[in-house]
Amino acid sequence: MAFVFKSAFRKQGLFVPFLNAVRGMSSSGESTPAFTTLSISQPLDTITHVEISRPEKRNAMNKAFWLEIVDCFNQIAEDPECRAVVFSGAGKLFTSGIDLMGMAGGILQPVGDDTARISWNLRRTISKYQETFSVIEKCPKPVIVAVHGACIGGGVDLITACDIRLCTQDAWFQVKEVDIGLAADVGTLQRLPRVIGSRSLVNELALTARKMYADEAKSCGLVSRVFPDKETMMAGALEMAQEIASKSPVAVQGTKVNLIYSRDHSVPDSLNYMNTWNMSMLQTQDLMKSAQAAMEKKNLKEVIFSKL
Amino acid sequence: MAFVFKSAFRKQGLFVPFLNAVRGMSSSGESTPAFTTLSISQPLDTITHVEISRPEKRNAMNKAFWLEIVDCFNQIAEDPECRAVVFSGAGKLFTSGIDLMGMAGGILQPVGDDTARISWNLRRTISKYQETFSVIEKCPKPVIVAVHGACIGGGVDLITACDIRLCTQDAWFQVKEVDIGLAADVGTLQRLPRVIGSRSLVNELALTARKMYADEAKSCGLVSRVFPDKETMMAGALEMAQEIASKSPVAVQGTKVNLIYSRDHSVPDSLNYMNTWNMSMLQTQDLMKSAQAAMEKKNLKEVIFSKL
Amino acid sequence: MAFVFKSAFRKQGLFVPFLNAVRGMSSSGESTPAFTTLSISQPLDTITHVEISRPEKRNAMNKAFWLEIVDCFNQIAEDPECRAVVFSGAGKLFTSGIDLMGMAGGILQPVGDDTARISWNLRRTISKYQETFSVIEKCPKPVIVAVHGACIGGGVDLITACDIRLCTQDAWFQVKEVDIGLAADVGTLQRLPRVIGSRSLVNELALTARKMYADEAKSCGLVSRVFPDKETMMAGALEMAQEIASKSPVAVQGTKVNLIYSRDHSVPDSLNYMNTWNMSMLQTQDLMKSAQAAMEKKNLKEVIFSKL
Amino acid sequence: MAFVFKSAFRKQGLFVPFLNAVRGMSSSGESTPAFTTLSISQPLDTITHVEISRPEKRNAMNKAFWLEIVDCFNQIAEDPECRAVVFSGAGKLFTSGIDLMGMAGGILQPVGDDTARISWNLRRTISKYQETFSVIEKCPKPVIVAVHGACIGGGVDLITACDIRLCTQDAWFQVKEVDIGLAADVGTLQRLPRVIGSRSLVNELALTARKMYADEAKSCGLVSRVFPDKETMMAGALEMAQEIASKSPVAVQGTKVNLIYSRDHSVPDSLNYMNTWNMSMLQTQDLMKSAQAAMEKKNLKEVIFSKL
Amino acid sequence: MAFVFKSAFRKQGLFVPFLNAVRGMSSSGESTPAFTTLSISQPLDTITHVEISRPEKRNAMNKAFWLEIVDCFNQIAEDPECRAVVFSGAGKLFTSGIDLMGMAGGILQPVGDDTARISWNLRRTISKYQETFSVIEKCPKPVIVAVHGACIGGGVDLITACDIRLCTQDAWFQVKEVDIGLAADVGTLQRLPRVIGSRSLVNELALTARKMYADEAKSCGLVSRVFPDKETMMAGALEMAQEIASKSPVAVQGTKVNLIYSRDHSVPDSLNYMNTWNMSMLQTQDLMKSAQAAMEKKNLKEVIFSKL
Amino acid sequence: MAFVFKSAFRKQGLFVPFLNAVRGMSSSGESTPAFTTLSISQPLDTITHVEISRPEKRNAMNKAFWLEIVDCFNQIAEDPECRAVVFSGAGKLFTSGIDLMGMAGGILQPVGDDTARISWNLRRTISKYQETFSVIEKCPKPVIVAVHGACIGGGVDLITACDIRLCTQDAWFQVKEVDIGLAADVGTLQRLPRVIGSRSLVNELALTARKMYADEAKSCGLVSRVFPDKETMMAGALEMAQEIASKSPVAVQGTKVNLIYSRDHSVPDSLNYMNTWNMSMLQTQDLMKSAQAAMEKKNLKEVIFSKL
């Protein structure tokens, strides 16, 4: 499926392997190690496609995955070319969640001389897992996540840290953690209630671990669009990414930063922050370029904005 | 109707009078006085059913009710057996709200030598009423509220403090307070906007006091499920309660505590709290028991978790 | 269209020019200058109708508009007669947003001797624009906004600061700012996520600048009602305003104040504030008047409440 | 020493046993059980003196103490006569802190089937201990604490929850908890940094457990006055309590409530709360009575204010 | 005394009547009405001296005062020349606080048809008084307040809203409000605890209304310097104002804004705001000018910074 | 002077080069590069001494310094042996602050195609500098900073992020930033007001850039102890570090974490966090070991606590 997605753009000659690009911008001169759980490509210069690629393991999240997501999104954050990200899963489903087998020795076998020390170490571990998804949020480039098939457990934590959620008609979502004996601790309980519009539903999903299918996901607002199949969804995701990437990166990334800021602060505080943000950001050439294009009814895709 | 609900479980021999149970756990040795406005039963060992039982008064909330809810949920909070609660109303409707007649002498006839002293006393009174519903929230056991017929005024304050809301097709909801000359002060204005996904609708309901029927309640997210009639709903509520009660209480109750925490704090703060919470809670046997059941594809209902 | 709206009430002899009214209440004795971008009328004594009236300019927001909104809502806030506000646009659409041409010299040509000073001045300017819509929120009278046709850019900032949103079937909404090179900075990024129930949709709208039509606006909760055409909508808005205006102003305005307070504070903090608010507000005659009407099944429109 | 304190007022015929007073006001009709760790008296009608009275155990805080403090301050909060509280310790020192021996079975021997359950129970226990001192803060009557000799461990937690701190020249303070292997968890780490003006000193005291003597306690602001000996201090404390008790209880208790509110909220939030508080409290007769006394240069002690 | 202060600068030919200056910058073309309770002068182009000038009424705060402070500091905020403010009192003392006689009809005679309406009006009144001192804080120019003789009641509210506090050896401070039957509601209870380093002292002052003299004011941190008499103090205040006015206004005013921001937000939030603030403010020529002066060991008074 | 400090412990044979220690614990197997601006040693196994060591450049903070502090404290945070840190400066003074010369090309020469992009890059740069000192705070080991001679500009930002501040009699402190044209942006404006007890003094220091000497630093609470000379101070710092290091690391580090948490949250929130923290941390062997030592009057230095 990833093949289909990429091939749609190959004819435009725009497909460029991601790693070369990031190698170029690396300030330290180290070569970026290849990822083992993620497949990265650039369907367009300005768009990065991140794919979970352990299809033989149902894209389960193993130890390498947690580290690679951090590296990947930190690199994307620093990449001046990238203006939008599409995130999806390879194979038959988005992700089956945490790889319990592959994680043995981590959370399941904590170490320490007494309960306090075991707790201390566990806290550091959970904190790292939490940070894994928070980097997606801290990366100022918008992240469109496209879900097909199952999205279970850690998968829900992950997608709630993305900006825009799309899914296929066959997708389903499951806050699985209570079923394996724990309160979800890498983001779902914190972000899901801010992402959808029914607290009764949030609670039901988190307390019963029942599956939610595409239609309910759309009507409750978890996803903003449902597509008939993965191919259509990937095309739709890419089109949306292109749309976003065509606009001023100063405008787009400032929008993401301030949307997340306002989630965590009161309206007056958020207006104050916005104000202080835009006192410099309005001094961009992009404003004139965009305004001129608007007056001339030109498509923004024809406007060239400097890198950010 | 309460009869139907309970009888569905009587054949399983699981029905146990609640008061005996709580008496047993009472540390102070005092016997619990019987409630006059609530009927309590245990359709299953792990499930408590709380029913407002003043059907002849349309389940109006009188003075006794406000005190008994506090006692009831404090007892439930302390009851190590109870893992989920179903809350409903006896008779033809859920509740007609505050019992204006029965409350005379309280809010309507405040006392004090001057305006300041009357205000001082009123504040203490309102504070106690607020606390009545906050105890539902502070009780770590999930509370599923099942609404049929009317749910008016104080009834809306009450259900927004519950975790999961279900209703029948004939249910309707009314934020009635402006109609009797006051701003709703025991929770609706604080919780309803966080419970449903349309602020325009919240404002409309609170400012016009218009009725909202089951379909709109579902589509706006106030309830997460609508049932054709009360019998079906009670069966559905109980099934959901059983589902929840079958899971690790460490996971379930930690989930409730953290969902409420995250409502009132920013995402980063809530992640930090979650982290500190789970550093000990992940050291539960339930994690292994649940994970093992998951691998063996066993139903969690077959797993025995220690009391909490 | 404004004509139709007003004429519906002229026969009741209730139409009174607004400016006379406010002139009467002016404590400073200065005469109020007539507005050039707003048309104000009073379909009922207790209801003020504010209309953006630059139809020939598609109700674009020019410099005068930003100042007049502040004056207008400050006057309404002080007007003891007014109990509810209807806000709409004259002509073919609600508003095309900021008047880029008419604003030249403001945000587009900031002044200052260096970047810091330009920023300093820009911050003050943005702050004033933000305050323009915040006065709608600070005005304790409920504001029902009725949108027909287009509601673009600044229009979305404006309507999210109103309390209840209605629209016609032909209405559409567009968070336009990214298209002209800036992050929306007068309220949309701060209020929209609290107004609708899907963060994925908020992000999509703000990052892609795509149009959203009436049906989606209804299903996501941006508006709470959709009307077939403007005439019906204006009648509906007025009816709702009448409904609200018939109730105790102590109850209604206290409800608005506390709904906004609770948006920006935690539930416990908001309950505490509510408590302290109502310790005096419950000492109103309106409580008795309303309760008596309720018992006598009298319509509140027959009850006379003192001015507030 | 307590004797000396009380005798100073006996001649005024004002000494009244506390328990009779509270019995009188008890709404439930139950007789108040005598306290075993606290000695309560009323040197004046309007002043309650609470004394830790386990001098033979160096006023160590045993299980009974933690419960009795709650009962005691809840009763004081409800007592309409009481307008100020003096808190001190009987015997040679203020308190040696938690009674490790007497508490065995509580924190030191937590119960539960696994680490999660032990943690769950410990959290409830700590929470109750925290609440013990928070009730002092929630009681709206000002509490003057007078420290002589040692004030160790839990004693520091206790005094930071009081409003005014006095000490004798021979007093010393010790944040002892790190020395027994735990981070202080009943208030010191939360309140001490807000109580004194040097964070370096707070950290030093909490991390090294070193003793701080009266002079340093005065210069860092922990206490606001140092007295040569206990007798002088008790007289000073009582004089201060009388001074406070002579003023309008509406003014005094509103001051305490708002001082604590402002500690935990921003200045703008606190001004808003103050505003909403005083909109009713200014409607007190006390304002006129006090203003008149001020104009007539009369001592407030001659003015009679209604009970609160 | 004001005479002495001004004359010290007259010889430098720098004394310029303030009102001309503000008239020049008035955008509306209206002439500024002269103040009746404040005397304004400009000892230096860059320094504004505001003096409470009702010495015959002991500088008591009457109705006009509350309005004029707002006008005065709003004008100062907008005055691009002004870089620092000195605030003092004419005559024998700083201020005797609120003018109870002169305020009759305001707070003491509230109007409204019932308690709720009286409360509503009182709240608006208190809110305006609060705003009076908050404008000092919102004005980005540093305000040095110089206190001699008495500073009572509202005077303490006022000075805690200033940035730097100086006093004479004969100065004394009194939180007087409890003595006239109310909790201080225009800032003292909110700001004093953040201004000095002993909460015990704050509470003692606010609850007993005792006087605090210069030495204690210095040792507790209320003032940062004590001068032997008013003449020395005014010279010292002016010298300090000159020192501040000689520096980059971008640096100085950004410092004030961020110091106040950080008082009301957590450290991480405040760092984030600072960051967003300085991303533009560091792009000032002043940085280079100042750095160059520093390297050349030149006095900043020789450097010319653009107006802000 | 560093020599003197270390030599005092050499005789105990405890001096161990730091880098070997951290190399041993490095999980990645990479060898730690030597620091060029910091000199690290271990006077005791459990104590790390960090010294700014650019005496020839007056310990000015150059680019390398900012990076090395991060690496250094991240390593210390991960080092299970280290229980306390002493931080000081080599040569004649603590630090002259930021190395303006050595930083050229960073803040002074920002890059970007327009003002918005320059701002974007500046924000990232400032953010990194801020993070440099925040890592000291995030490191759970207590940091005692010992200042001699000058502590200027960035030096004040640095020391306010440490836990305990000591200084010599010849030390002086200067918030220098306004003198070089900027508002201090790496922590002083955020932390200094929480560190000392006089806001008037904070404002004066930050707005005038005047020097503050040791005695005032002590009386305002910036430092908690003043020593006659550097040698005495280093001995005192080490003694204090030893005292801290002798206690349970679970207790000590939990104390630091919670002291910083409570600075940024309200008292109720901080009590809740403390509660959740200690529900696991009280389950440490250290509690029993410490309690037993206390009962046996044994010195804690004789007790062996497990590493953390």
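Per-chain numbering from 1; labels A, B, C, D, E and F assigned in written order.
In the analysis below, a residue touches a chain if its C-beta (ideal position, glycine included) is under 8 Å from a C-beta of that chain, and two chains touch if they have at least 3 such contacts.
Per UniProt, the chains are A, B, C, D, E, F = Delta(3,5)-Delta(2,4)-dienoyl-CoA isomerase, mitochondrial.
The structure presented is a predicted model; accordingly, all values stated were derived computationally and were not measured.
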Report summary line: Cα superposition of subunit B onto its copy subunit C, rotation angle rounded to the nearest 5 degrees, comes out at 120
Requested in this report: Give the pair among A-B, C-D or A-F whose set of contact pairs overlaps with that of E-F by over half, matching residues by number.
Outcome: A-B
Requested in this report: Let me have the rounded angstrom distance from the C-alpha centre of subunit A over to the C-alpha centre of subunit E, please.
Outcome: 49
Report summary line: Taking each chain's mean CA coordinate, subunit B and subunit E are separated, in whole Å, by 51
**Report entry** Centre-to-centre distance between subunit C and subunit A (centres being mean Cα positions), rounded to whole Å
**Finding:** 35
**Report entry** Touching two or more other chains - residue numbers and ranges from subunit A
**Finding:** 115, 118-120, 194, 196-198, 219-221, 250, 263, 265, 276-277, 279-284, 286
Report task. Please give the residue numbers of subunit E that touch subunit F in the complex, ascending. Result -> 142, 163-165, 194-198, 219-225, 240, 243-244, 247-248, 250-252, 254-259, 262-263, 266-268, 270-271, 274-284, 286-291, 294-295, 300
Query raised in the report: In the complex formed with subunit A, which residues of subunit E make contact?
Result: 265, 269, 273, 276-277, 279-280, 283
**Report entry** Interface residues, subunit E side, partner subunit D - complex
**Finding:** 100, 107-108, 110, 115, 118-120, 122-123, 126-127, 130, 134, 177-185, 187, 189-191, 193-194, 196-204, 206-210, 219-221, 263-265
Query raised in the report: Which part of subunit B faces subunit D closely enough to touch in the complex?
Result: 113-117, 119-120, 250, 280-286, 306-308
